[in-house]
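Shared chain: chain A. Partners: chain B in the first complex, chain C in the second.
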Partner chain A sequence: MRPGDSVSWPHVHRPRAIGSHAKQEVPAIDLSDPRVALPRARTTAGGLVKSLLLIGAALTVALIAGFGGVVVLRLAIPDLPAWSGLLIGLLALVFVLWGISRRFAWIMPWYYVLPAIVFLLTFTFFPVLLTIWLAFTDYAGARNGQLSVATTTPIVAVDGNRITVSDPAGLNCEVLRNGCVDVRAEVYSFDLLAVTAVDYADGVLTLAEPLPRGREARQVEMFLPDLGFEFSTEIESVDGALVRLVSAPPFAPDLERIGIQMADEVDRRIVTLDGAVLTLDASLPADFEATAIARYNEYGFIGLSNFVSILSRAQRSLIPVFAWNVSFAVLTILINTAFGVLLAVLLNNPDLRFRNLYRTLLIVPWALPNIITIQVWRGFLNENFGVINRVLMLFDITPDPINWLGVAMAAKGAVLLVNLWLGLPFMMTAVLGALSAIPRELYEAAKIDGASAWQGFWGVTAPLLRTALVPITLTGFAFNFNNFNLIFLLTDGGPPVDWGTATARGTDILISWAYNEAFRSQGGYAYGLGSAISILIFVITVAVSLVNFRVTGALKEESNT
Partner chain B sequence: MRHPDRRAFAWMALVALGTLLGVWALLGNLPEPVVRDRFVVVPNGWAFVLGAFALLILGTAASAYTFGLATRPGRAGRYALTSGTHMFIWGVILTTFYPVLYLLAVSFNRNDTLAGALPREGNLFVRAGVIPNPTDISTVQYEKVLSQTHMLPFQWVLIALLVLAAVGIFGVKLAARVANLPAYRTDGWTRVLGLGIFALAAVIVVSITPAQFYGVTEAGARVPASSERTILLYIRNTLLVSGLTGMFAVLIATTAGYAFARMRFEGRYATLLSFVFVQMFPGFMALVAIFWLMVQLDLLNTFTGLILAYSGGAIAFSAWIFKGYLESVSPALEESAMVDGATRWGAFWRIILPVSTPMLLFIFLLQFIGTYSEFILANTLLQGQENWTVGMGLRNFTTGRFDTQWGALTASAVLGSIPILLIFYAFQDALTSQQTAGGVKG
Partner chain C sequence: MVQGWKETMTLRKMMIALLTVASFGLAFGQGLTVWTTFGDQTLEWLEGEAASFTSAFGVPVSVVKLDLNELPATVLRAAPQGEAADLFIGVPHDQIGNMADGGVLADMSVYATPGYLADLGEQARLAYTFAGKLFGLPMFVEGPALIVNTDLVPELPATYEEMIELAQELTTADTFGFMFDAPNFYFAYLYFRTFGGYVFGRDASGSLVPTDVGLASEGAVRGVQALKDLRFEYDLIPAGVNTEVANGIFVDGSLAMIYNGPWAISQYRDAGVNVVVGPVPPMADGTEFGGFMGVQGVLMNQFSDNKVDAANFAKWITRADAQISMAQLSGRIPVSEVAVAAVGDDPIIQGFGLALANAEPMPNIPEMGQVWGPAGSALSVILETEDSDVEAALERAVAEILGN
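Moving on to the complex of A and B:
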C-alpha cells in the first residue's frame, strides 16, 4: 500500500488479545465504512523531497537569523547571552513558515511534527553526530580545544617572529599529538594599571571609573594597611566599575593604592619549537610588549586509532566488560522473570482475598525513585556495618561477612540482588497484565474437558504466557543492558580487578566503561574512545529493539499504512 | 461430590495447634547467640527460621484443607492453596519491605553514624543491629537536614492549604467508599481538589528560592548553607526541572503524535522510524557534545539548559505514546467537527486535546518520574551547589562519608522519596499499566 492511499486512512488501532500475535491478518477494506471516503489531510501534492527542501530552507534561514541576530545585536548590547539567538531564530522560523504555508498549503502536516523535529535535531541528533565525529579525534580533557591558562609561560626575548621562553616545559607540549607544532597560542602583554576605588564589600571592588575596554583584567593587587602587606587575587568578573574578586582580602584594603594587572593578547600559531625558541606564523605588532605565552589544548582527527586501541586492549577491557554486560542483562532478566512469574501466578488466583492490597504493597520499590534507593542500598551493603551483612550473619547464612562492594564476584551478586529488589515489581505487574488478558473461558473450557487446575496451568497459562513474556523480557534486556544508574550509583563499576584496567573494572558495563574513559581518565585518548564505545552500544541496542519490533509487530503495522 | 465431614473440625484444631506449637518450639529453642567479629550470630539460625517459615506455610495450608473438608470438601484443595499463598506472600512482602522500613527507622534514630557500636540491651534483633535501637527514636535527623531552611509565612500558608486539599481528597474518597456514593457525585470534588493540589505545589516549588537556605551563627550572622542541610532546595530544584521537562514534552509531543496518528504524508514512516531510532543512541554519551552546545548557548549551569537537554529524549518517547493512544481513539469526533466546518487545527485544539487530557497527564507524569531519577546529565550540566538535584545531593553524602552522615542521608532519602511515592500511588493503576504496556504491546 502506498503512503497516501485513502483507503488506509484513518488508521484504526486494533487491540489484540494475548495469543493472537502469530496470525495477524490485514483487515479487508470495507468501502461501506463511512470513514474511508472522508477527506484526507491536504498532503499528497508536495512529495517528500519538496517538503524536506522547504523545511530545510526554513531551518537554514532561522539558523542564519539566530546567528546573525546575536552577532549584530552584540554590537549594541555586548553582554547579550547567546541563547537569545534561539529566540530570534524561532521568531524567524515562525515567520518563514507562515510565508511558506500561504504558498504551499499541503505542507501543513509537517508543521505539526516540526517542533519535535527541531528539538530532536538540536538536542539529540546534533550531539550524536558530534559524538560520532569525536570518536575519530583525540579529544580529551587535556585536549579540549580550550585555551590552557595553566601553560602560561614567561617570554624572555622577542626577535621578529621568533620568541624565547624562560621554560619550554611550562608549555606542557608532550600531551598534544604533535607536540607544540602547528598549535594555536595567545601571546600576552601584561602591565599594571594604578587605579583608585570608592568602595569595597563582600569580595566586590567598586572602582572610581570603569576599566578601559578591549583589554582583559586578570589580577588585582592591593595593599592591606592593617597588615602592612600586599595582597593579590584573581578577578572573577568585571562589570563596568564593579570588580568581583575570586578570594576576598582578609582585611580592608587601601582604596587609594590598587593595581590591576591588564593583559593585551594576540592570537598566533606556533610553527616550530626548538629548545626554548618558538617560531610563530607571524611576527608580533611593533608596539606589543610580549611578556608571556599560553597555548591552546588542540585536538584533531586521528582516524581509526580509537577503535584500534579498543581492539588492541580487548583482552583487558572490551571482552570481559562485554561478557559481563551481556551476562548481567541476561541473568537479571532471568532472575526477575522467574520471581515475577511466580508472584504473578500466585496473585492471579481469583480466590485470593486482599490480592489488590498485596499488589499495591509489593510495588513499593518501584514507587520510590531509584536514584535514591540505589544510593541507600550502598549503605546497606557496607561490609562491616551494613544491615545486609548483619542479617546474613545473624542467621548464620554466611560464615563470614561478605565484602559486597570490594570483591568482584560479590559486587556482581550485589548488583543482581539490588536489581531484583528494584525490578521485581515491574516484572510482576507486567506478567499480571499478561495473565489478566487470558480469557477466563479458556480455563472453564479446560475444566469442562476434565482438566485439573495443574493441567489448566500448563495447558493454558504457560503457553500463552510464554508468548507474552518475549516482548517483556526483551524490553527489560534493552533497559538493563544500559542500566547506568544502577552500576554507577551502586558499585561505581568497582571494585578494581587484576584483569581489568583503571576504567574497566569488576562490574563495569559498556556504558559505564565508556563514561569512565570519557570523563574520568586523563590518559591518551579519553573522550574519543568513549564515543567509539557508545557507537558499539548503539548498534547492540538497535539490534535488540529490532528483534522486539519484529516480535510485537509494532512497526510492521506502521509500514502498511 | 463429597459431603462435609464435621469431624474434620477436630483435625483442623489439632493441625493448627500443632503448627503453632512447632513454630513456637523452633523459635523458642534458638541456639544461644554468640558474637563473631562485629556481628551477633545465632549458630545455624537460618535452619530454624526457614523451618519455622515452611512449617507455617504447610501448617496453614493443612488447617485450611481440613477446614475445607469440614465445610466444602470440593474446595478444600483451593482453600489449602490460597491460605498457603497468603503466608508465602506475607513472607515476600516482609522481605521487600525490610529495607524500606529499616531506612525509615534509621532516619528516625538519634545515631548518625553507620559504624556505631551495637547496643547491648534490648531484644536479639536490636542487639544484632538489624533493627535500630528503639530507645534512640528521635526526629533529630530531620531537624538537622531542615535546620537551614527558612520558609516564608506565605509559604507556610500555601503548605497548610496543600495539606488541607490532600486531606480533603482523601476524605472525599473515604466518604465515597463508606457511603457508597456514585462516581458522578464525587468526581467534581476530586477534580477541583486535585487541580488545587497541583497548583499549590507548583506555586510552592516556584516560590522557594536559594536565598531561603542559610545558617545562622550564634552571633546571629547568616552563613552560607552547608551542602548537607539543603535537601529541600534539591527537592525543589528536581521538582522544578522534572515538572518543566514534563510540560515541555507534552507541549511539543502532542502535535507530532497527532500528525503521526491522523495524517498521511510522504515521509511519515521515515520520520517515525528516525524518531524511534535516534533516541536509542545512549543519550548521555552525547554528554560532551551537549555540554559544548550549552557552553555555546550560555546555558551551562541553568535549569533551562538542562530541560532543553532532557527534551530531546522526552519528546520522541512522548510523541510515540501519544500516537499510540490516538490510534485507539475513534476519529469520528474530529471528523464530524471537520464536516461541520472546523479546521484541522481547530479539531485538534478543541476536540482532541480536551478528550486526551488524562493521557496528557500520564505522559507528563511518566516524564516527571523519569526525569526525577536522572543523574548523569544533571551532574554534568549543573555545577553550583544551589542548583543540585536530589540525586546529586545524596551522591554528596555517599561518596565516602557514610560514617559521619548516615542519619542525615537516610532522612534526606526519605524526604526526597515522598513526592514520587505520593504521585505514584495517586496514579498507580494508570502509571503501572502505561509503563508495562510498553513491554506487553511493544
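Moving on to the complex of A and C:
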C-alpha cells in the first residue's frame, strides 16, 4: 500500500481523544501515514505567533530590567560592574517566565528551545543587524565613537556657552562627516600644582598649605631620592592640608618636590565651530575653570556612500575579485572531484594490494591541521628555495624557477594545487563510500555484455555516482566560495597586481578583500566599508547559489529522478 | 567513608570557588597587564624589569607577547571594551597617530617627568609627539643598517658602487653578496629617500602635509629603478627573498651583506657569524644613504583603570639605567642622552648610530597607515618583471594612497 492510498484515516480519532476519553474504545491505528496516526502534540495549543510574542515579551522585560537595574543600582553603588546587569536580567527572565508558565501552561515546551533562541538572537541576528547598520555608516578607526584625546585643544576664553580655543585645527574636525557640528565633547579643567609638604607618614602627606577649593585633587607626583624615581599615586581623600594617598611610596619622598594634579571635566555637545569660537549646547558650571576641550570621534549614517565608493572602484576591485572568486570555487570543485573519483575508483579495485595502506596515507592531509600544512606549502612554493621548483628543475620540467607566490597566474595555480591537496581526502572518502553502494553485479553484467573497463566506468559508475556527488559538490562550492583560511594563509591574497589595489590583489577572494578593507586599509579599520562589502558578498552568494540550484536541479527531490 | 568523601568534595568545591573569586579579583583589581611586541632577549629584559618593579612597588605585572602587525588593530578593537592591557610596549612610532586618533592612547605628557624630558633626545620626542601631545615615553631608536659578515668581507667598501661590485663578485654558487627584503617598503625606503623621494612633504612650519605624497617623484622613480637594478641588472637579490630567507642565508654564513635592523643581531651572534654594522657606503658623488628609522617606547591605554601604577611602570622601564641595559643587550640606541653616553663605545650600537644619523623617522600621522599597503604592492609589481613600468606603478600607488 502506498502512502497516499490509505483509506483508514477518517476513522482515526483526533489525538485529543486518546488522552481525555480513555475509556472509549481505541480504534486500530493505521501506521501507514504517520502524520495522521501519531498523536498531535498538545503543546502547540497556544499557536506559534502567541508563543513567540510571549517569549519576546519575556526577553524584552529581562532586557529592560537588566539595563534599568544597573542604571538604578549605580545611583547607590557607583562602581557596580556592567555584568551585574546580566544577573539582574537573568533573574527577571526567570521570574517572568515562571509567571507566564502559570498563566499559559502550554508554553512550557518553548522554554526548552529558549536558550537556543537567545543564542540565535545574540550570535546570528545581532551581528547580521549590526553589519547591515554599519554598512550605512562611516564607522572607522578615526570615527569609532570614542573620546579623541588627540584633539584636546587649549581653551583661551569662555563666554557663556561660547568658547574660544587656541588652535581650532587641533580639533581635527575635517575627518568627521559634518565637521564639528553637533559633536559630543569633553571640557577639561586641569592644573598641576607644585607644592611643598611639611611631613609624610603612613600614606598621609601633610602639605604646607591647604589645597585650593573647586577642582578635585586626583593624583600626587613625588620624587623618591633613594630610588631616583618620580612616583605617582592617586589621592584617597583630602582633609585641609592632609592628603591621604591610595598607595604609599616604598621610600620616603622628597617633601620639596611634590606635584598635585587638579582636574575636573564636564560633558557637552559642540553645536558649531566658527573660526576659533565653539558654541556649546549649554554653558559651563559657574566655578568651572575650563582649560581644554576634546571632541568625540562621532560616526553616523551616510546612506549609500559606502556602496557608491565600492561600485565606483569596481573595475579595479569588485569585478576582478568576483571573477577570480567564482573561477576559484568552480575550478577547485572540478579538479578535486576529478582526482577524487579517479583515486577512489583505483582504490576501490579489490585486486589492489595494500589498498588500505594507500587509503590511510591519502587521508593524512585531512588529519593534519590546515593552519600548519598551508604554511609548509608556502615554504615548498618559494621560488628559489622551495622544494617544488627544485624538483621541477631537477627533472627539467621547467628551465627557470616558477615564481609561485609572486606572479598572479602562478599564485592562482598554487592556490588550486594546495586546495587539491587539502580537499582530496574528503572527496576520495565520499566517493569511496558512494562506490561501495554500487552492486558488483552491475559490473559483472556489464562485463558479460562485453563492456570494457572504460565503458563500465561511464555506463555504470558515473551515473550511479551522480546522485551522491551533487550534494557534495554543492556544499564544496559553497565552502570554497568563502574559503578565507586558504587564501589568507597561503598567499594572503597576494601577489599585488597592476590591475588591482592594495586590498584587492592577485588571489584575493571577496571575503579576504572585505577583510582587507575592514581591518587593513584606511589606517586599518574601515568597518563601514567592510560591512558594505559583506552585504554585497551576501547578495552575490545568494544569487550564485540560486543559479547553482536551478542549473543542477538540486531544489527538486533527488529521489524522484 | 562516604560521608567523609562528601565533605572533602564540598571543601574542594569551596576552595575552587574561592580560588575563582580570588583570580577574578586579581584580574580586575590590582596588577598591571602589559602587551609587548618584544621577543627573545628584549622580552626577557622586559620580564626582568617587571620583576624588579614588582619587588620594589608590590604591583604584579604580567607581560603578554603580541605580534607587531596585530597589536595596533587589537588595541583599537579591544581597548574601548576594557579588554586591552594597561600598557603597550614596543610599538613603533608610525602607529601613534593612527592609535591616538582612535582615542585609545592616553596623553602621557602628564606622566613624563621634567628629568626624563630633559634627558630625552629631540628626535625621539618628536616621533612620539602627535597633535602636540606626547603619546608615549620613548625607550630606544632602531632602524636598519648594513650588517656585514666579516669572514666574507674583511674590509668595508668605501662607496656604494664598490659595494655592489664586491657583492657581485661574492654572488657565487655557494655565497650571496648583498640581500635584503627589497619588496618591503620599510627597507626599500632607503632607495626612495636617498635618491630624493619622500613619503609626505612638509609645510613652512615643518608639519607633514598628508596630501603631498612624494613616492612617485622624479627622485623616487630613480631610487626604485636603482633598487630594481639590484635584481635585474646586478642579479643580487633573486625573487622570493624576504626577510626570513635573507636572514636564514646570513645565519648560515653564506651571505656577505644584509640590510637589516638590530633585532636580528642576537640571532647572528648566536649563530657564530662575525658581524660589523655601519651605514650603506655613500655613492661616488658623495650622496649619503639613509632610510627609515623608528622610535619605540611605552604607550598607555586611555581606558586603563590602573593608570597610576601603569605610569609608574612606564617611568620605571624608561629610566636611563634600564635603557643602558636594554642597549647593551640588543644593540638598540637609547633615547636618553645619559644612556647614549654610557653605551656609545659599543661597536654595534655605534654602527647603528652612524647608519641612522642620516635616517628619517617614519611619519607618525594617521595617513601613514594608508601608505604601507599601496607602496608595498607597487614594489612587488615593479620587482616582479624586468620590463615593469616603475613610474606608472608608483603613480598608481600614490593615487591609491590619496584615495583616488
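Keep this in mind: the second predicted complex is superposed on the first by the 388 of 561 C-alpha atoms of A that agree within 3 Å, B and C clash if a C-alpha of one lies under 4 Å from a C-alpha of the other, contacts with A are read in each partner's own complex, and residues count from 1 in each chain.
The rule we apply is simple: contacts are C-beta pairs under 8 Å (C-beta built on N, C-alpha and C of every residue); 3 or more make two chains touch, one makes a residue touch a chain.
Keep in mind it's a predicted model, so treat the numbers as computed, not measured.
In the superposed model, A:G47 lies in contact with chain B only, and not with chain C. Touch criterion met: A:A150 reaches chain C, while chain B stays clear of it.
Comparing chain B with chain C, more residues of chain A are touched by B. Of the two partner chains placed by the overlay, only chain B lies in contact with A:V364; chain C stays clear of it. Look at A:R268: by the touch rule set out above, it reaches neither chain B nor chain C.
Residue contacts after overlaying the shared chain place A:N382 against chain B and chain C alike.
Residue overlap on chain A between its contacts with chain B in one complex and with chain C in the other: 81, 382, 384-386, 401, 519. The part of chain A that touches chain C in the complex is made up of residues 81, 141-142, 144-152, 167, 170, 172, 175, 192, 219, 221, 227-234, 246-247, 250, 261, 296-297, 382-386, 401, 403, 405-407, 494-498, 500-503, 505, 516, 519-525. On the chain C side of its complex with chain A, the touching residues are 28, 56-58, 72-73, 76-77, 80, 97-98, 100-107, 110-111, 113, 115-116, 130-133, 135, 238-241, 245, 302, 308-309, 311-312, 315-316, 319, 366-370, 373-374, 376-378, 380-381, 384, 392-393, 396-397, 400.
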